[in-house]
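Chains here go by letter, A, B, C, D and E, matching the order in which they are written, and residues are numbered from 1 within each.
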C-alpha cells in the first residue's frame, strides 16, 4: 500500500492494538539518561510487532524549560512553511531546529521532524482563559487543518519521540540515550494491521501530558463524542488520544485530583460504591460517576500517564490488562511486565501490582533545578 | 400584618419569603412593589393566609393554589389561577389571558376585564366548584372546553360583553352573562337560557361577595337580567367516531 | 413438599370461565382426557366446586378444609375424616349413608350431594394425589391458589 | 379403680370428649364406661341398619384403633348408679371408680307413655333409640315376616323408624298426637309434604290421635286401639314418642338438673370437676338464648369436645347451638333449622317458596334468620345455618334468600370474605 | 337500515370434534362472539364481532378454537388494498373518524432492523455477564457539565441538591404513560408494583393518581397534560417526577378524550371530574402556545415542588424534533421524552396514527447530536419511547443516544395484550384497556407484576449479554457510543442522520 493510503487509514479509523508500556520516574526529579527506559521497553519486544514505538521524557530541555516546545512531523512538501507561518503569527519562535536523528536502515516513510521552542505572542487572544488552552487550540488547529503536519508533542521541558519501528530502532533513531530526563515513559506497539504513519505511534501527548496505553477502550465512541463537546477533536483515532484528553479535561480544566479522576475513568462498580462506608466519599464517587458517565473508560486498559509533576499508572476497573510497579530509592518503575523493571533495577525494594481501577500516583518532589513543577490536584 | 418589599426581588426568593412567613404562623402578608414576579402562591396550602399584593404580579399567579386568599391591587397578567384547586384570588383591576385555566375549585373575582380564553377547561369535582366573577368583559374563547364550575360576566363597565366562540367544546358548568345575549359566534355545543329563580339563588352569594369586594351596588347589578350558557351535552364529541 | 392446606379464593380475579370445574371433573374421573371424556359422556365424577356468579362477580369455592370443621363433628358414620398426614378433610364414600348432616352444618355450603350416587355426599379433596389441585393449576388468573398450614401461598416455583 | 378422666357414655359426646382431652393431654388416663355391650356405634345409624342398608360392622363411627391409639380403657356393660361428688367416685353396678375429672354423657332414654295394656313383657313392642333395640326389632321383623306395623309418634325417631321399616315393605300406621308430623321441627306445609310422600309409599297417618289400648295374645301384641276409636291389627308396635335425658344416677348427688343437667359455657356442671355433654346436658340455645336440651348429634359432638378440652385444662367455650335436623323420608331430603313454625306473625317475617317438589322457608326475626326449612333441595342449606349462627343481619339481601342460586355471593362482602379466606374459617 | 357491507376481520374455526361445549368461550368473550345455538345445542360464533384478541383461544381447554385472518381477498391491487377499501366502506356507513388503538402498524422502514451491534473479538475481551458485574444503573435528570473541585469545595450540599433531582433507575427501562382510564386499575397496579420491585419508574399518564397507587407514588412520574386531570399540588408533591405531556407519538397534535361512559366512580376520583362526564384533553395546553410558555409551566411546577423533583417534557417525534428538544432543554426541563411514530395509544384516529411523526430511532439520533452540537446534552436526559419490541431495540436506542426508554405496548403484551388494536372500544378481553368490572378482574395484578418483572429481568439479562459482548460493563459507556453500531441496507443520508457507519466500515 502507498504511504498516503496507509496514513489515510491510520488517520481516519480507529485501529485497535495491543502493546507494552513502561515508565520510570525519579521522585526527586533527578535527571537520568534515556538509556534506562530504552532498556526497559526493549525487554518487552515481543509485545510489539515493529509497527510503532515511542518515548516521552520530562526535563529534557532544561535550557528552554519555560518555553512551549512543539515537536512537529511533516510528510508533505510545502506544509512546513505553512505551519511555520501559522506559528509565527501566534508565537515568538525562540528556537527551532530539526530533531536530531540517526540513520536506521530498517525504518521507512520517515517524515521531516522538527522542533520549536515558543513564547506565546498574544496570550489571551480568542477569549482563551489560559496559556494551556491557547496551546491546545493551536495544536488542534494544526492537526485538523494542515493535512501534512502533525504536532506530536506540545509541553514544556518535555518531548515525545516516536515512529514506526521496534523500540530499539526508534531509540537509536532519536538518540534517546543522549537525553536526560527525570520521568520517562515508553511504548511498544502491536497494531492489528499494517500502518506506515509515524503520527500513529505512541506515546500520545497534549500540553505536557503524555500517555501510553495497552488495551482497547470499548467506550471510545462516547468518550470521543463527549470530548468533542468540550473542544477536544480526536484527529488520531486512537484510544490513547482520548485518554490523554480526558486527563487534561478532568485534571487541568475541571481541577479534579487524580484520585477523583480515577473514580471517573475507572469508575468503581455501583456495588462497590454502595459498600463504601465513608459517607462523604461514597456520595462523591456516586456523583462523579453520574456527572462523568460519558468519560468512563470501559474496556481493558493499562495506562501510564505523565506530566511534569506526576506519573500515574492505572488499570481498568476489572484489571483486564497487566501492570506492575516497583520502587527503589527515589525511583518508581511501572511496566507491563516485571521483567522490564528487573532488567533495569534487578533488586527493587518493593514490587507490587496495582488493584483494578486504583491508580499508582507518583508525585514529584519540587526541585529547584528544573523550574516550577505544576501541581494539578 | 407583615410587609415585604418585593422591589427587584426574583420570584423564587419572594415565594420563599412568603412561605417562610406563612409557616411561622403569619396570617396576613402584604407585598409591595410587586412587578412581574411569577408563580406567587404556587401550590400554597395555607388555608387561612391572606396575601395583599400591590403592583403587577407576573404570570401564573396562584398556580396550583390550594387554599390561600390573594388580593391584588392592580392588574394581573396571564394565567392567573392556573389549575387552581381552592382558595380565592381577588383582582382590583384587569386580568390577562387564560385566567382560571383548568381551575377545579376556589374563586376568582376580577373587578375589570379579562383577556382571551378565560376559564378554559374549568371543571368541577364533588363539592369543588370553581367560580369566576368578572366585573367587566371577556375576550374570545370564554369557557372553551368548560367541564364544570361557573363563570359570571357582569359587563359593568360597558364594551363587548364576550368575544366569539364562547363555550366551544363546553360540556359542563355554566356561564352567566348579564344583559342581552351578545351578537357573537357561540360554540356549537351550547344553548342559552333565561335564568330561573334557583339560578339567581345560585349566583347570589357570589354577586354579593363581588359587590362587597369592589364596593359596587348589588341593586345595579340586578337591574339587568342575566342569561346563562349551558352545554347541550356532556359528551360533545361522542358521535364523530366510527367504532 | 409443603402440603396445601386450603384453597384461597380471590373473587376479584375470577373471570367466570368455569374451567376449574372442567378440570376438576376431568381429574376426578377415570378418563383423565378432556375431549374423550366429555364427548363420550364418560363423566364418572362430579366437580367438587361450587361456582357462583352474580353480575360481574363470580368465584369458585371448594371445601375449606376448616381447622374446626363442623362437618367432621356432624358426621354420624365417620365417613368424613381428617387425613392425618395432610390435615385435609376427606370423605369416605363407602362409609357415607347420605344422612346430609354435613350438608346441613357446612356454613360454606360446599358439601354437595353426589348426583351419581344419591346417598353420598361429595366434596373437594384438594386432589390428594397431586401436587396441586387441578382447579388451581388450571385457573387462568390465579383467582384460586393454595396455602399451607401457616396460610402461606404455595406456588410451583 | 382410679383414673384421671372418667367418661360416662360412649356415644358421640363421650368420644368427642376423648378427642378434646387428647388434643391437650396425651397421657392422662381415660376410662369410658358404657351400659351398652358394643365398642362403638353410631346411634343415628340404627334406622339404616334396620333398613338393611348397612351391616352391623359398619355401625361404628370410630374404629377399634381409635380406642387403642388414644389409650382408652373402655368398660362395657356398666351402669352408673350414683356419684359421690365428695370423694370423686362413680358408683356403678360393678364397682366404684375414682376420678379427677368426670364427664356425664349418658345420653337419653326412650320415653314410654302409660298405655293401657302395655307391659314390658309383651313381644312385638319396641322402642327405637339404641342399637340393641334395633337389632331385636330387625330380627323380629324378619322372623315374624311382619307386613304391617304401628309407630306411635310422628317425630324424628318415628319417621326414622318408618324409613327403616319401609325398606321391608311393611305397611305403616303412624300415630301422632299433634296435628302434624315432625311437629317440633317442621311447619304445617312441610309436614303435609312429608305426609303426602309417606302416603304415596303406603303409610297411613293418624293425626291428633294416640294409642289408647294395646291388645296382646300369647304375650304377643295383636292389636292397638286408637283414641279416635280406630283399631289396627298389628304384630309390631314401635313406641317413638321421644327421649328424656338419662339423669337417673345424678339424683341426690348435688349436681344441678333441670330437664337435663345444667352446664355453664365450659360444659361444667355446678361441681367443678364434673362436666356434662350431649343429650343429657342442657346448653345454650343460640336462637332463644335460653338453656335447653338440643338432642342432636352435632351438638353432642361439639359439647363433648369442649368439655374434653376444658377437663384437660384447656380453655374452650361453647357458644351455643340451635336445633337442626336432617332427615330423608322416602327419598325426600329435609333439613330444618331453629324456629320453623311461628304463630306470632307480628314479630316474625316469613319467606316461603314452593314448586311442588321442593319447599323452602325462612323465618326472620329483626332481620335475622331464626329458622328455616329446606325440603327436596337441600344443597347449600348450611350457608343459612351459618347465617343463623353468626346472627347476620340479612336486611340487605333478604330478597335473595329464596333465590334458586342463593350462595355466598349474596352475603355481605365482609362475612363472605371471612368465610372464603378468613383464618377463622369455621363459623 | 341496510345490511352492512363490511366484512369480518377474522374467521373463527371451531373444531366440533374437540369442542366439549364447556361454554368457556361463550362466557368470557366481551364482544359476544360465541354463543350457544339453542336450535342445534352446539356452540357457534359470529365472526363479524371478533376483534382477534385470542382470549377464547387461550382459554379453550381443548384447543378447539383457531382465530384466523379472514382469507377473503379483494383483487390484488398495490394501491387499493383491502384495508383501504373496507375503511371506506365503514366510513360510508358511519360517517365517522376511524379510530384505532396501539401504535402505527404501517410497514415503514424500521431502523432498528437495519442497525447491527458490535462485539469484541481478540483486541479486547468480551465480558461474561453471568460472572462479572454488568451495570445498567441509569440516572434521569439534569446534570452539571463539570465538577469543579474549587466550586464544590468538598461540600456535599451542592452534590445533594443535584442528586435529589435525579431519578435512579436500576434498569434503563421505564413504564410509559398509561392513564388509569385508558387502562384498568389492575393494570396500573401491576405496572406500578413492577416498577417498584424492579427499581424503575412508571408513569401515571394523564389519569391522576388513584389512592390505591399511593404506595407506588415514590416511583411514579406524574403527567400533566392539557386536560389537567387530577392535577393538584398534592399530586405533584407525591410523585417522584413530573412530566408535561405536549404530544404523543401515536397522535401528535391531537387531543384525547375519555368518553363519559368510561368515567367510572374510581376514575372520577382520580381525575377529579364528575362521574359520567367526558374527560377531554384539548390538543394543545391552552397555557402553552409558545416555548416561553412551556418554561413558565415548567417553573410553575418546580416552584410548587420546591425545585426538588425533575420536571420533564414529553413530545412526539416530529420533523423539527431536534430544535424543539433544544428549546426544551433551554426552557429548563430536566428530561425530555420523545415518543416516536410507533408509540402506542388507547385511541387515535387511524389516519393520524399512521401518518404523523417520525421513527424514534431517527429522533434519538438527531436530538442527541443536536444537543451535543449545542453543548447542552449533559443538562438533560433523553427518554425514548415508541414501539420497543426487544431488548436489542432498547440497546440500539441507548447506543444512539437515549438515556432510558419507556415501554408501553410491550409491557401491555406482557400483561396479556395481543395488540388487537381495539382498545378504544373499552371491551378489552384481557382486562387491560377496559373499565368494565367484569373484564378488569381478568388481570390479576399479582400475576401481572410477576410477568412485568420477568420481562424486565429477561431484557436486562439480554442487554447485559449484548453489553458484555461488546466488552462494555456499564451502560453509560454504551450511551451515545455510536461506534458500536453499523447500518445495513441504509442510504448515505440515513446513515448520516443516524450518525453511524455502514456495516463493513471499521472503526
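The criterion applied here is as follows: contacts are C-beta pairs under 8 Å (C-beta built on N, C-alpha and C of every residue); 3 or more make two chains touch, one makes a residue touch a chain.
Bear in mind that the values here come from a model prediction, so they are computed numbers and not experimental data.
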Distance in touch steps, counted as few as possible, from chain B out to chain D: 3
Please state, in steps, how far chain C lies from chain A along the shortest route of touching chains. 2
Looking at CA centres, what chain is most distant from chain D? A
Using C-alpha centroids, which chain lies at the maximum separation from chain C? A
Pair exhibiting more inter-chain C-beta contacts, C-E or A-E: A-E
From the mean C-alpha coordinate of chain A to that of chain B, what's the distance rounded to whole Å? 68
Provide the C-alpha centroid distance between chain A and chain D, rounded to the nearest whole angstrom. 103
Whole-Å distance, chain A centre to chain E centre, using C-alpha means? 47
When the C-alpha atoms of chain B and chain E are each averaged to a single point, how far apart are the two points in Å? 37
On the basis of the stated criterion, which chains touch which? Give every pair. A-E, B-E, C-D, C-E
Where on chain A does chain E make contact in their complex? 13-18, 192, 215-216, 218-222, 224-226, 228-229, 237, 253-257, 260, 267, 269-271, 280, 283-284, 286-294, 296-300, 317-318, 320
Name, in rising order, each residue of chain C that touches chain E in their complex. 10, 12-19, 22-23, 34-35, 38-39, 55-56, 138, 140-143
Contact set on chain E toward chain B in their complex: 90-91, 93-99, 226-228, 231-234, 236-237, 257, 259-260, 268, 272-274, 276-278, 280, 282, 286-287, 296-297, 299-301, 303-305, 424-425
With touch defined as at the start, can you tell me which chain E residues reach chain C in the complex? 17-18, 20-24, 27-28, 58-59, 61-62, 431, 436-438, 441-444, 446-447
Within the complex, chain D is touched by chain C residues 6, 8-9, 11, 50, 52-54, 57-59, 61, 64, 66-70, 73-78, 95, 97-109, 111-113, 118, 151
